[in-house]
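Got some structures for you, see below.
Each of the two complexes below includes chain A, the first together with chain B, the second together with chain C.
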Partner chain A sequence: MSLRDASSLLPPLRRGGRGRVRSGGRDLPLLAGMIAPAAAVFGAFFLLPLARLFAIGGGGAEGWAAYATILTDAGHRDGLIATVLLSAAVTAATLAASTVAGLFLVRHRFPGHALLVAMLTFPLAFPGVVVGFMVIMLAGRQGLLGTITQALFGGKLVFAYSMAGLFLGYLYFSIPRVILTVMAAAEKLDPRLEEAARSLGATRAQLVAHVILPALKPALLSAGALCFATAMGAFGTAFTLATRINVLPMIIYTEFTLQANLATAAALSLVLGLVTWAVLAAARSFAGSSVAAAG
Partner chain B sequence: MRRRGLSFWAQLAFTLLLCAFLVTPIILSMLAGVTANYFVGLKSGLTLRWVEEVWRLYADTIFLSLRIAFACLGCTLLLGVPAAYALARRQGPAARLAEELLMMPVAVPGLATALALIVTYGGVGDLRSSWLFILIGHVLFTLPFMVRSVLAVMTSVDLRTLEEAAASLGAGFARRFFGVVLPNCASGILAGSLMVLTLSVGEFNLTWLLHTPMTKTLPVGLADSYASLRIEVGSAYTLVFFLMIVPSLILLQALARRARSNP
Partner chain C sequence: MPSNFHLDAVPIRLQACGKSWEGGGRALEPLDLAIRGGETIVFLGPSGCGKTTTLRIIAGLESPDPGGRVFFGEEDVTELPIERRNVGMVFQSYALFPNMTVIENVAYGLKVRGVPRVERAARAEEMLEMVKLGEFAGRRIDQLSGGQRQRVALARALVVRPRVLLLDEPLTALDAKLRDGLRLEIDRLLRQLGITAVYVTHDQGEAMALGDRIVVMAEGRIAQVGTPREIYYRPANAFVAEFVGTMNRLSGEARNGRMRLGPGFGVALASLPWSGPDGAQEFLVRPEDIDLAEEGGHFDARVAASVFLGDRTRLVVETEGGQPLTVDAPGRADFARGQSVALRLDPNRLLTLPA
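Let's look at the complex of A and B:
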């Protein structure tokens, strides 16, 4: 994973806000001219290459069936299943942990609060390779957990170079951005709703289940989708930890470099891109415009 | 002050635990970068030997990353700010579609974008072995962040009234754009610029496939050192990387805090 997945850092947009200038047709050529350079670069270096990649994916020995190997080839299918399960587990764990911490930080002020928030969001822009190294520092051969368990139990706990290490890495990567989203959404909660629920005798658990979580739902949905998409397409962390971890991005990389199987690599990477993009689009349409507002 | 219950302390403990999870490895790696022998521990003494070794082995990757980051910033400013303005001025399906398309490089995994660039432009002249090839990838990936940052500010300030006021005083388009529009979205341009620099310096997914032995960037060197050199050298290299991105991360946090306090 890398900063590519940092779209949660994108600032929220307020659609149709008061700042929107409703221009007459008079300025149209001018505005078209202003977006033209970006559009040209984007078309030439993104859309065109992706179209080319699509054609190559269908032009290998297997023909267009290459696009189906993600389901028909046992190795690819296992990789896909492992990637989806890992991404789902990371998403669930990140959402749970970040909601608890994010809500706590918004609802309580105490000395050191600002510092705590700064530290929790600091790793926000770490690239995947560095996150991988952080996991090695914690759970690698010379890692902290290994040293502690060695001292306490005489056996060294080392799990960085496996699926568990990857899970830890994605968790590390996702927590800062999801906490930020939760905090931004929680700050907008209407305190009157909570007071009303309390005055009606709601317990703390009822308050959380029926008032707070429903209000946070759009933000959690969008943050969760981003987290899932990130984990699906992530490459740097897996690359740092071990090339033997059987997740889809590593399979694509191996097909491309070691097996020089360009058609399969092209087909798999496009399918992966499509799945990632679809998850984000689905979350956006389920949660409505508030996904954009939640960042 | 309200009396804090058990639940407060439990939540505080959990949050602190989470914070420890994030911060401990950072501190460990920073220490490892200046420790003579990490296996022995701090008692082996502090040294700058590993940092010097990183400089000897990888100084060129640091300069290349900086060159690409600033070139990328220039490109995204020239391409992104006018594009954001056009998107802010136009509503309707065409503008929405253009915006959606421009955001795509963030959603599509870097492996796919890099493969697509290689199969399409890998054989064009010397482009494949030039640092410009990496720059193209970085511009694609960072452009959405610049556009969104600037667009966010442009849609929140009342551009229309400001521009109409300037136009009624006889200001032409160029004068309005440079004298009114740009100064009013300076905060968005600044935030976008910091984001672009930070992202470009740390970009790995695209760069790993796009780089050649002659065009190694900092994250490529990092992956290299993690795989093949001792943990102290990898740590010292990570320390150098942290020092490079920390200033812009701190500025970004300060900007975000200011935006939160006066929305």
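Let's look at the complex of A and C:
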């Protein structure tokens, strides 16, 4: 007989049993009263602005068709695709780099270890504009790489203002956000799991694929989601670098400030939020079952 | 259950295996040890005695200091990392892969060896049957009890037919009732498979019950190697005498075939015949080897404490001369503090430590 069967034989301790509060009719006003402050804040600062944004999006000259421009307007559509691809690439690269570096930092102690970890997380505080400026200093027209390649090969390597420059900048501010999460998860790995796998003959690669990555998966998923969402909405770096390419936050900015096209800006904002949310939801459900099992 | 499932009995030899920590200090003094093929050997000792380090050197998870060698049969495996030694390991924390089902866990060693899927499943199922978990094949690990988890870990370690099975405190995380059941199960498996097994524990009951031989360790050294009976009845030194079971230490002297216990017993104790070594200054006696006497006791003592243990009553008594003694009485006998009891010693059951 299982424990659950056995418990059904016992008389219930009290109404609702097992300490779970059932919201019977009598409790309802009390519960409503207790949740009211939170509900008010949620409504005032989240639902209302969103609803207003939604209304503004449909209130322009084009009407509700503003929402369709994300598909019909080539500039908007390409901007959206570029933003999603860039964010996905940045997320993948960030996760890869942070996992390797995070595992290494957790498993090896060496002089300067603490300093290195501190330095890796230093860019957390930088505004996007500063990150963009640093990419320009590295790969801009007067940048370090340009100067070196000019001297060596007679041609300037300049990619700060391209997708590559954006990618580098995004990577730079994403890694600190992810690496701390990875390190925290890696410290909790049970070393016995790896020893067990090795005793069974697992190679390094098998160890990583079968033991380490599955154990890190929940942390990688949440860190990756945060990284992706941040990259989707990143503005400062794009503002500094994106002279020739359009990512969605830049398009929104342009519509809003330069063209005073409030409706389009509002519509694109909501689309940006929805697409980000949908991609994350898809990623989570794709990985969901295995996360639960590892839980 | 397949009766033909039998594993090779590989002897293991450690030669001058020591282990120093990086920051200085020794975890293990260089030791030599021969483990016979098919034998279950138990490393027993308090924490920090070097027993786990020795196990990890055999496993290949630690390498011995230069000069130390590990042999599996005739093969020198010192340089082989654990993944190429073909050893089975069972840990205190089970160390099952949480992202795999029970059967996937058991089959894992076969999977990394490239055994075809069908054969893999068949062998894993056979092994699961052997630990009586056949019906749990599809379960997730977090749906199993501690005892079931450890049986899965055993199956996982054994399915690859390891040359030696290494168990690091496998029962410590379980509660007492489960522990006894699983201990019997492990014993049955080891006998049935005929595999060489090395078992690390701090629990002397486990060591006695499972070990063909016990290696008692203290402070990075081997204190004694012997069968459970040898360890219990012929301790080689004061540490083993103190660590294994309970032992009373009595001072006295033995001369010309007679022995007499020291001042702690008062004047009442006459000398007794003695067949042990001449000149002994100290005698050891187990609590169960001191008898309560109806009449004609060798000496009297007062009950200082009485603990009912079910199968026996353990007394702490004090002799007239102030010597404390631990004495086992039958479980049904009841004693009051301060009560006087008459005790008898059988000189044949007194032990002495080698000089």
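Miscellaneous remarks
Throughout what follows, the second predicted complex is superposed on the first by the 226 of 295 C-alpha atoms of A that agree within 3 Å, B and C clash if a C-alpha of one lies under 4 Å from a C-alpha of the other, contacts with A are read in each partner's own complex, and residues count from 1 in each chain.
Going forward, a residue touches a chain if its C-beta (ideal position, glycine included) is under 8 Å from a C-beta of that chain, and two chains touch if they have at least 3 such contacts.
Please read these numbers as outputs of a predicted model, since none were measured by experiment.
Of the two partner chains placed by superposition, A:T69 touches none, neither chain B nor chain C.
Legend: residue contacts after superposition of the two complexes on their common chain; A:F235 is shown touching chain B, with no touch to chain C. In the superposed model, B is the one of chain B and chain C that contacts more residues of chain A.
Residue contacts after overlaying the shared chain place A:S222 against neither chain B nor chain C. Once the two complexes are overlaid on the shared chain, A:L193 sits against chain C while remaining clear of chain B.
In the overlay built on the shared chain, the residue A:P214 is in contact with chain C alone; chain B does not reach it. Contact with chain B, but none with chain C, is seen for A:P37 once the two complexes are overlaid on the shared chain. By the touch criterion defined above, A:T203 lies against chain C but remains apart from chain B after alignment on the C-alpha atoms of chain A. Looking at chain A, you'll find no residue that touches chain B in one structure and chain C in the other. Those residues of chain B lying in contact with chain A across their complex are 7-8, 11-12, 14-16, 18-19, 21-26, 28-29, 32, 38-39, 78-80, 82-83, 85-91, 98, 101-113, 115-117, 119-121, 136, 139-141, 143-145, 147-149, 151-152, 154-160, 163, 173, 188, 191, 195, 198-199, 202-206, 208-209, 219, 222-223, 226-227, 231, 234-235, 238, 241, 245, 249, 252-253, 260. If you check the complex, the residues on chain A that touch chain B are 1-7, 9-23, 27, 30-32, 34-35, 37-39, 41-42, 45-50, 52-53, 56, 97, 100-101, 104-105, 108, 110, 116, 118-130, 132-138, 142, 144, 172, 175-176, 187, 204, 229, 232-233, 235-236, 239-240, 249, 252-253, 256, 262, 265-266, 269-270, 272-273, 276-277, 280. Residues 59, 61, 81-89, 91, 93, 95-99, 108-109, 112-113, 140, 142, 153, 156-157, 160, 162, 166 of chain C are the ones touching chain A in the complex. Those residues of chain A that touch chain C in the shared complex are 190, 192-193, 195-203, 206, 210-211, 214-215, 217, 290, 293-295.
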